[in-house]
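Quick one: structure below, then a few questions.
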């Protein structure tokens, strides 16, 4: 039996709009085959962005009906990664990632591997324990899916809360930070470094490097922290000779927020031709997903010119960064339903980030 | 005697930073030759954006010392057009536009023409009286500067205030709107239609079409409303066989916010080669200014995909639009100090806008 | 059989937090007795505030389990009025309003009456048809609950959407406005005037007065527009000699946003003593709910001094207004879990609004 | 010769509006007598609030004409303390503080003392060196003005910039923080503790306590950090038997953001009667200035109820805090032109802050 991966992109009219997914299921998509749902929701992508939880609740309530189980079981089974913030012209949407068996022979195609780490103790979050467990899970997912070349690793990771910190300290343990917001960055960073370790992008990681040494990074990792879990959930996207299907994936690393040529490289590697700069409509129709990380450079500059992202107290810096990278990516592909996500600690170089492209192969 | 136009771009560290202009003057730029200063300041670009007035005050106080006159006289003499909002990766800067005489023979180059309308009565603002007076002034500026082909017309125009409305109504006159914020859009729209009339882009304009008929627009106009004036101030940028210098200008019209090919067309017409998509560093160094208008499409869509600009009560729609177009333009040119301005009534099609490029000719 | 009304206030940790209500139900509250849930959620209270829908979804999913029905049926049965925006120091919470039968004799107490209008055609929204239907429903609710004196009328009302407008115009009907956001204000205003008509606060209402004549208002109405309904849902709060229970209600009208004496008057009428200005802790413990409407004065002034609410393009004017009135009300009562809501068309005078107090009677 | 202090409050129409001060000078106020100008400007009060610098520029340019000197000399001579943020209903205004000589006998009245510390090395900022130098300057100002009881001490203090940090480190010195934004808080905190030391509110301060030990605070200090200075500038407000005039000052400490009784205490001590809660108009007319510090409690709670200030990524926490305290103070005094300022490190207890009242004595 050969495996085949599918990625469906559905537009949403609001964060709780599950009508697009419902239509897919009505049209025959097997809900049991869904392994992950990535979503761009129209919140601020920061602390008080409740559009993410709203979307997850709407999706899990709806799917619980289709799967005849509870909403809690749905979220335990399917990795739901909601990225808030559709600044600039970005268009809210869900990416439904599913796997099915097929009688077709393996032809080489997009392959999806998933894995989970064990639950972390609070004192492990943002530290090498999380790094190594993540690396192990990434390796397991790669092996399980027989992935030949990895292009994008989505990690959902936990964070520290006041309760978790208190529990650890009651046992005499010390945590990486007492700042719960900061713990999100450390957890994302440790997760990304775990990916980097598994992929051989870095050789060794120390506690002190996490969150500080920007020279260490993965060019494939995209990490997102959520309060609802205590383990890392990993979805590896790559190509495998053992899978069938019409999809393929490629990636590149943007060195800064306006690195159009990196996006072009990823498009070309995925079989799309940006031609004179922007995909023609027939090529754009074959683009299934563009996934990129965006962050403001800590230097306050892009190619020597000042940006104001880090000094703006009205609009969070990550919102500016998503708007910028969203504009650059839309320039390349001629469409705006792109998965541009913020919070890129150890995910690409300072001010840059990974960009992955999933495309339908030319027929 | 031949005329030569210069455009100097200076970065600012904050809206009141005039050190870049001071350095230019110290280096020999004649303050008496300055005809316009266009600036991107890091405010919100909306009603309570005081970075614009702060920059104008700082510039006029400084220049009053250099010109041995009052700050008020400086602003009467030099058109200062501050555009607030450097969303995404945009970099705050001033564009110092000056004209000088030269002994060199005319070689054909960028030419600058300026003109002012008469003062408008409040009841004329946002109506055909403003349209026709603007058209007349644009024609006068073109003639005065012997411009052969017009590529960009910057208009600074007045708005209605409660005082001005009351004054008109005391005389029995009626004004176009009682909403002072809305009057800014009507004044910009009437000004843009005046440019369109002068350039033959539209044949006839009625009061009813101003602010409503989006099929009428200029592909060269950029209008900005300010409370401090009661007339229209016009700066026409074009090429003239009668001028000398190393600069040239071109323009195109973006049909939507992600129209990379329009930007490429303007770049090529100005002698710059975007190659595979983005100007190489040597080409980017020859880009003196990119000026574009940005606005959210009223349809709520970009190429069929929903955007959230018009429904966002945290970030004004024009801020999203500038971030998007700024990202697309930066993708094309590889730099972020671009004059992307909002409020594009009758300045390009719905959701799109004019883009002009001033470049140093290849040596 | 005598009726008794209960109002339970539960704090929320986030908009989807239903644990407080769950605890009440676990403690014996009959879910079938719940007639309304009013909530303050921590969104922006404006167009893209999804915390309201998120809260409604979470509440209706949870209650559907307790009531053995569908979430849709829950929202059809229970009026859920979510008011977004907890600016300043306001504390997010739900108010659970329920009615039960008791064997106790009627002693005079808080009474709750509910009623619904028929569904409105789009062309009726924001017009006298909506006014009169609302007035009729208010009268019916008063009669049904045998309310002697009305103090607070919560109305949930529909709004115009593009689809509804198109449907009406396909039939040759004309709607009150094509601006869907503006239709929210017109619908709230028409609803409030319906309350005013029922209570004898105004004698007659014309289409032209809705949304324009600020001299017409109700001192008891609080209206909220939602896209999910096509009829008006009405909850009338008052006192009735025919009811029993430990609660009572009173109200007053704030003439501007800093009208502390109006709040004091409502507190005193509800049997609470603000003493030297702020309720002492024992009195504050007897305060069950304070419900008030807040809005910026259209004059741009409060007692002659300029406010900046209407000119702030970073923070919506209604957010400033809620913060202000929340601060003034907290000064009076010494607690911050107050139901301060924005959008006060025809609900109190310009810049002011009704304030109602539900209190536990002194034992 | 006896000294007499005056405080004039002038409304502003925008941050650069100096017409109110100009009218005072035209009316006879001696510009040479002005020792300080405190202003509320309508910016965000955070990093990119340029309304403060704009106001200072406008004031110093105007005063330089009246004083026949340079704008730089004006700012060296007059302490200009601009506090950004007029959230809720707060009204933008300037407080012009001046001192004059009079032939009248001393009657006891408001007295103003000013002093400056030496310039600080970068490594002294936010440390005990700054604390002790501030304490010394406060003592000097008190002595110079013969103040008997101190009620409000305004401190303007420097901050660390990247340049200053580099300069210090080039000498082998270490600075208190590398985070320039954080240095503002440390500098304010050290300044406030210097006031506390001078007034005997704390006995001893260690480097480690600055910014961390919230039990140490001054009930009179109000500190504001600015990039333009390298020393501390101190203005002490108190009462002195040796001064004449119609003004008096008092203060109290708010224990949280809704501490109405503390505001009432300060009003009463200044001779104003809040009566049933809010100053009657005749009393409000005698209120010359109310100056208070506002900050969100670090516990996330006010009297046990959750607030959302610290978790809001759309509106900065300090903006919520000013809106809240502004509402509470307006409830007490019935007017909105109040000097409510944020950033209250060691200025009152956690979540609370000092409140001072300057009033005209009853005639």
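Letters A, B, C and D name the chains as they come in the text, with residue numbers starting at 1 for each one.
What we mean here is this: contacts are C-beta pairs under 8 Å (C-beta built on N, C-alpha and C of every residue); 3 or more make two chains touch, one makes a residue touch a chain.
Keep in mind that what you see is a predicted model, and the values were worked out from it rather than measured.
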item	value
Chain labels contacting subunit A and also subunit D	B, C
Per Cα centroids, the chain farthest from subunit C	B
Interface with more contacting C-beta pairs, comparing B-C to A-B	A-B
Chain centre separation (subunit A, subunit B; CA means) in Å	40
Between subunit B and subunit C, centroid-to-centroid distance (C-alpha), Å	47
For subunit B, residues contacting two or more additional chains	42, 44, 48, 308, 311-312, 314
Subunit A residues touching subunit D - in the complex, by the definition given at the top	44, 46-49, 308, 311-314, 316
Of subunit D, residues touching subunit C in the complex	11, 13, 42, 44, 86-92, 257-258, 260-261, 264, 274, 276-278, 302-303, 305-309, 311-312, 314-315, 319-321, 323-328, 330-332, 334-337
Residue ranges of subunit B in contact with subunit D within the complex	14-16, 42-43, 48, 50-51, 53-54, 57-58, 61, 71, 314
